[in-house]
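For reference, chains read A, B, C, D and E in written order, and residue numbers begin at 1 within each chain.
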Amino acid sequence: MNIMNFIYAFLLLVFVFLFQTSITGINRKVMARLQRRRGPKWYQQFIDIFKAMSKSSTTHGWIFDFGVIMALGGIMATTILIPIGPFKAFADVDNIFIVSYLLAVGMLGMAMSASGSGNPWASIGVSRALTNMLAYDVPFMVLIVSFIYAFKTSSLSGFAALQQGAGILGWNFFRFPLGGIVALICLQGMLGKKPFDSFIAPAEIASGPMVEYGGRHLGMLFLLHEFSTFIEVSIIVHIFFGGGATPLEFMVKYALLYTFMNIISGVFPRFKIDQAVKFYYKVPLALAFIQGLIIIFTGLGVS
Amino acid sequence: MKRIAVIILLGVLGFFIFSGIYSNEAFTEFGNVDLNNRVSNKFITKSVTDENDIVEFGKSSNLETGSANYVTSIVVNYRSFDTLGEVTVLFISSLGVALLLGTLGGKLTHKYRANFILRVGAKTIFPLIALTGIYIFIHGHLTPGGGFPGGSMIASAVLLLYLADENFRAKMSSFKLAESFAGSLYVLIGIFGLLTSGYFLNNFMNTGVIGDLFSAGIIPIVYVLVGLKVGSELTGIITDFLKVEVDE
Amino acid sequence: MIQYVSIVLMLIGIYGLLIDRNIIKIIVALNIFEVGLNIFIVSVGFVSGGVAPILTSVNSNSALIYVDPLPQALVLTSIVIGLGTTALALAIARKMYNAYNSLDLDEIGGMDND
Amino acid sequence: MTNPVLLIVVPLLLAFLSVALKNNKKQLLFIAAVFNVVGVFIIENGSYVIGGFRAPYGINLNLDAYSHLAVLVINILFLLIITMSNEKTKEFSTVLLVALAGLNGMLLTGDLFNLFVFLEIVSITGYILSTESKKYKYSFNYLILGTIGSGLYLFGLIILYAIFGSLNMADISFKMLSYDTGKLVVPIFLMFIGLAVEAKLIPFNGWVRGVYGNANSLIGSLFASVYAGTILFVFGRVFGQVLVLSEYLVAVFVAIGVITLIAGEVAAFSKNKIREILLFSSIAQSGLVALLFVTGLIFPTVLQLLNNIITKAVMFTIAGKISDDADTDEADKLKGIFANNKIIGVSFTVSALSLIGLPLFYGFYSKINLLLGLFSKINYFVAAFILLATIIEGAYFIRLLVKLWTPGEEGKESNIKFVTDRKVEFDFNKKVIAFMLSLIILLAGISPSLVKTNLFAMNKLLNEENPSYMFELKGGM
Amino acid sequence: MDFNALILFMVFSAVLSYLVSKSNIKLGAYSTILFSLISLIILFLGRNNIGNEFSLLYMNFRVTAIGWYFSLIMILIYSMTAFFNPYWMEKILYPSSYNFLYLFSLAATVGLFFAADLITLFIFWEVVVWSSTFIVPLGKSRKAAVVYFTISSIGSMATLFAIMFVYSKSGTFDINEAFKFLASEPLTATFVFFTFITAGLTKIGIFPFHIWLPLAHGNAPHTFSPVLSGGLVKMGAFIAYLSVGILPAYKAFSTSMTIMGIPFQIYLLMVLGAISIVVGTLMAIKQDDVKKLIAYSSVANGGYILIGILMMDQVTFAGSLMHIFNHAIASAAAFLTIAAIAHRTKTTKISELGGMIHKMPVSYVVYLISIISLAGIPPMGGFVSKWLIVQGLASKGLIFIAFAAFFGSIGSFLYVFRPLAGLFLGQLAPKYENIKPSTLVMKIPMVILASMSVFFGIFPKYLLETIGEIQTSIGIDPIMINGDTITTINGVLNTNKVAAIFGFGFVISLMIFLVLPKSRKVGLMDTYTSAEFIYTPELYHYANSFYAPFERLYKNHPSVEKFLGKFAVKTEELGILVNSLFFSHKPSVTVLWVMAIATLIFLGGVDI
């Protein structure tokens, strides 16, 4: 751990920002085409972010500000942990549990800030977001535990390395199809895409957790959104799609997966929050357990 | 229905008690008792402390207990402690009756007026009954009877007076004094025995010749005390029962 | 025979205790029980052909067959104790009559009606 | 003065005298109690025959380690209780004197029939004392049941006499050793009923609730501690040491003990009145003690019995006083009563905790010992039942203590303003003695070696693994 | 200083504190702080006593590494909580007794951890139970004390049975010796294992014994809840440790059926632990009273601790021991902040509060840190311990247990956030407009505990080295720690690095925030209200049934409370039945019983 690591980390952040924001922009276009619209330009997302950042804003007290800083800080810290292909800013920190728990700091910060605004709509949004999290994370983690048991590693790069060299069929997604399906369903929840997007639910609650934000706060939250999307999709790419032997391979896989998830999201209606919980605890959790038991007791697909 | 159930239950219970008692061969059948197997054997020959083969009426003297009446010898000598307890039971019962009823102030009125014969007859017969009672407890060591029957007789004499005269009231304070005196003396005799010979209620007097009136050591003395005590206690009970609640 | 009767008497006394609701009758039943018991006690000491356990000028010798004197002594105690409890029971019965104006246990009322 | 008969006859003498000396009754009672307390320290162990006739022909008093401890405790407790409730003794002085004599007689006597006589004396004093509450129906019930019980005892005893030809405890015990005791189910069980009625074993104890539940401070504590203690000591003597029980009867008695224990605790759990809680707890403890005696454990049982009677003396005195003064003993109406009577409250608490068997209190020591005893006899189920009973006991005692200490509505903090407005003033005697007893409980709990080595009789009980009663008594025969 | 002197000092200080309180209650309360701090220092400096044996009266003690560790936690929690005592003296009904029992129960816990024989262990166990039982009803509920005591005594009686059983078989009470014979007797060992551990289960609050925690923790005096939750619960963990560590459970069960390499007896208890995590989490999510909420979170965390201890291995056990410490300080700190708030507002209900952050920022920060630690989020201590536990579970492939662990840890985000949003954030009710922040004395322990959470999150080695020594002392491999890098079979964790990265991210974020244009401060009511005008802050505060949709999913859950309540009612009914069956004013009832019983017994015993 020396100064170079931090420089790499900074560069990584900048890269992820550029990369992910572009992908988001492209995806907006893709979505528009799906819905038979023209859609915005691919760099529209950059414009949105910088515009928000340059506007004036209001604040509701120090926790409102602090929450945003903590959220973005936490998410950025988490982003630093994610390896891009073989490239890692720091060694030995891409442990899946560290990633997922550190991710929670960002979530918590945002939730705190939202509630700190004093607007009940924000609190309601937070409560839904947290409930959603309880739903999607558990099946995913059960899956992860069985993977750790099978592969004796818990780092993202470790998972990725184990899948490389056997072609597409070496990917965990194909070796453990049940698990792969579960992972994708959970990813959909993590990303807050339909059918699991009721916590943002623009049409129902005034505007979900973000209702009070404007200006620099909103801009930072846009950033946060981009980073967290990157983290979540990357985890799946690493664990189920073999990561990347080169950064480019990783980026291609990443872009395809993200677009795929977006397209799925485009064709679904929305679950109510309790329906989402019920769904997650019925289907994906059961599948995750089945997959886990298969892995643990039969070793099918492990080697 | 309930009665029948109870009868059946008690029938079954009785059956088991019978079979439990009589199936045991060690339980001697009625009348087939062999006293040699019982402690009473030694009471008959009066040889608990000294070995005697045969005790003869009017001849044997200075035995461990001088009573010609074996029952009396047991009651007042061998198991005198039981008798002290017995006296105490009576004492405490009469005390209890007094505690319960003694506070009542009223008098029981007869529904009839005692006629002349009854009144005079009662007064005449009273000393005779009392005297008989006294006779019985004085001769307790020689003849059937003793302190308890004698005392009861005295009490019954008093009861007769109550029946005959509704205005009659026994002088309870003197009876109480007698009771207290007799009881205390009984205990003191026992303690005297303890002091002189080391055994409580020891027969420290010469037991004389069996069959004599003045024999058997402390037995007649104790029986007299018991008689007095029983008489006064029963009188007390009777007196208390004749009280009624005062209407307020 | 007398022994059997005594046990039956005791059972009759118990029957009375079980059936009767009247205090006085209960006391009577108790006395029946005690009488039965006392007869049983005495009967335990009976010896066929034995004489009353008193030395007299007629039965002047301890070598004769006497009935067991010990149960007789015991029964004396038992009777007196029975007398004492009966007296006390009657006194309590009178107090109960004064307090509850009834001699019937059902009428007097249950545990929790104090 | 070494002859223990004086413990019986001196109170009796004073009782007889007290009829004449009416005005000094109270003093006579006190003198007798003090005399006995002094006496128990002077008397020497051995067999004492009455009237100079050797056992088994005459009646003997048997003072061994067991009965010595019993008279020691019972007399001291008697003195403490009458001192605690000094104001209530006047009316019943003579009765109490007779009771004292009878209690000592029961504990000391070595003759089964003599035991019956003293049992009757004690019962009758009990009937009389129970009339104090003016609830005559309960006294009547007690009287009838007690009489029937002792009648059945006598019935059984006479059958035994017919078989063994003796009334002396040691003699019968000796003869029973070489006898098939399986044939003695009827007489022994009849005797058991007689003692069980007085020892409060379910289902023979229908009288207890009415009598204990309405007793005042003096009579309640006398019954629960002195009377119950005596009868249980006697129970232990008769069924633990004298009579040789067949396996069948042991099983039956243990079952009755267990039922009493559990049913008593459960019933206490369902109660709200302090005295009823205590009385059912007493019933349960009697069951416990009885079953332990039958199991053949002497030392731990005696420890447990002491625990029960000492604590019950304190608690019944306090409960009785509360209900005398406050006109109720319902715990719900007495919330926070100890807030104004802290010393009394502490004594009550210490006693209750000791009864539950919590450590640092004497009760723990006895509980551990009795468990050790049961385990050494492979009586796992009984031990499990005892522990189950302890849980229930703990629950209701803590519930009671919490009510009496900390007044307050649910959801609000406990506060002095919720304290009941019923006033109870405890006098000096009660405070001092109750506190002293609780200190003793505490001391004995912190340092049980005090009990084990310093209480002279205890040591002997401990040393004799299986104290065989009859051999100790043979000297008297 | 010798530790027998320490125990004597602690007992003596309890008495002294009582006497001081009698003359001046405030002074007495301060004396509890002083005495517990002195004890803490003596204990901390007396680490070289490990291995010593000594006796007091009939009790025998042996200072072990794990005992020292547990005692340190206990005294730490007690002494920190003691800082709050002075402020509650007027509010407590019996202040001097409270002070006495407070220090006395502390002394007893220390005695418990140093016990060398089972009787000593049991004595101190029960002493702690009864002394704390009398503190609980001083708070808001009388029922709580009864439930607490009853549940505790269910446990302690089972344990006592086990102790006696072991003694009757082995002939010794010595903890190390008594259980040895069990190694070759699996059946007996199973029985002893389950009975002995029961006390531990009740104390940790493992399902189905968890019902006393919310009642007792939630209703105890505010100054005692931290001790109950942070401290006394950990005694259960100690018993659990004895049941698998000293009782040779793994050796004894080596022949029995195993589930993923764990003997089924132990696995069964781990399942109970898992159920507690789930139940505790679900119940905590729906609580409106913060104290109850934290109490249920203790249930859930107790599940983690139990599971970790039962694993008795290199990683999970270390994690569990560390979690004991982390949970103790975090939960105590959380309760303390609640106490500080209750001190000013007189309530602990989330729905009645709101916006406290603007009045009590220090309490807020402390609360935030503690609950982050409770939820296991880096860079707090709780993260390290949970990470270890989860790693251990994953390496064994215990997915069902792991499911509960994850459910609990994600669920904890839900329940820790509820008071955060409802109590600290959101609208400030006007009636609390003028309340003062907590006093300086109150802040001291809160800040200390919170900084400990952070410190041991970043530098866990100070804790893990001690834990490693404990593991060595009981014969299992110590946790591998090199610098601040913790290595397990499946992964490594360098807390320094994680903290540094977190700090880096935070700094960048802060810089972004600072370069961007300044914002204008507006009031809390000045928000987007969909064009409605709202003037009542209380109504404009989202705190009631925070997770309503989720709570609805399990509102009809079966409940142990109800079951036990029914059981209590049944017991009472049985008692009433006993009453009416056996007790009457009529002699005939009893005589009938006598005759019936006699008939029955003669039926069985008389030869016809």
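Simple rule for what comes next: a contact is a pair of C-beta atoms (placed from the backbone, for glycine too) under 8 Å apart; a residue touches a chain by one contact, two chains touch by 3 or more.
What you see is a predicted model; the values in this text were computed from it and never measured.
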Those chains which touch chain C and also touch chain B = D, E
Between the pairs B-E and A-E, the one where more C-beta pairs touch | A-E
Of all other chains, the one whose Cα centre sits farthest from chain B = A
Look at all chain centres (mean of CA atoms) and spot the one farthest from the centre of chain C.
-> A
Using the average of all C-alpha atoms in each chain as its centre, how far is it in Å between chain A and chain E?
-> 35
List the centre-to-centre spacing of chain D and chain E in whole Å, with centres computed as mean CA coordinates.
-> 42
If you average the Cα atoms of chain B and of chain D to get two centres, how far apart are those centres in Å?
-> 32
Chain A to chain C: how many Å between their CA centres?
-> 96
Could you list which residues of chain E touch at least two other chains?
-> 579, 583-587, 591-592, 595, 598, 602, 606-607
What positions in chain D touch 2 or more of the other chains?
-> 113, 117, 120, 124, 127-128, 131, 137, 140, 144, 148, 159, 161-162, 167, 183, 185-186, 209-210
Can you name every pair of chains that touch?
-> A-E, B-C, B-D, B-E, C-D, C-E, D-E
Listed in rising order, chain A residues that touch chain E in their complex are 1, 6, 9-10, 13, 53-61, 63, 65, 68-81, 90, 92-93, 95, 97-98, 101-102, 104-105, 107-108, 111-112, 115-121, 123-124, 126-128, 130-131, 133-134, 137-138, 141-142, 144-146, 148-150, 152-155, 206-207, 211-212, 215-217, 219-220, 223, 272-274, 277-278, 285, 289, 292-293, 296
Touching residues on chain B, where the partner in the complex is chain C = 2-3, 6-7, 10, 13-14, 17-18, 21, 30-33, 35, 38-40, 43-46, 52, 54-58, 68-71, 73-75, 79, 82-83, 85-86, 89-90, 92-94, 96-97, 100-101, 142-144, 146, 148, 210-211, 237, 240-241, 245
List of chain E residues in touch with chain A within their complex | 260, 355, 357-358, 364, 368, 372, 375-378, 383, 386-387, 390-391, 393-400, 402-403, 406-407, 409-411, 413-414, 417, 420-422, 425-427, 485, 489-494, 496-498, 500-510, 512-513, 516-517, 519-530, 540-543, 546-550, 552-553
Show which residues of chain D lie in contact with chain E when the two form their complex.
-> 137-138, 140-141, 144-145, 148-149, 152, 182-183, 185-186, 189-190, 193, 197, 202-210, 246, 248-249, 252, 256, 263-264, 266-271, 280, 339, 353, 358-360, 364, 368, 371-372, 375-376, 378, 380, 383-384, 387-388, 390-392, 394-395, 398-399, 401-403, 405-406, 408, 410-416, 446-449
In their shared complex, at which residues does chain C touch chain B?
-> 1-4, 7-8, 11, 14-15, 18-19, 43-48, 52-57, 59-63, 66-70, 72-74, 76-77, 79-81, 83-85, 87-88, 90-92, 94-95, 98
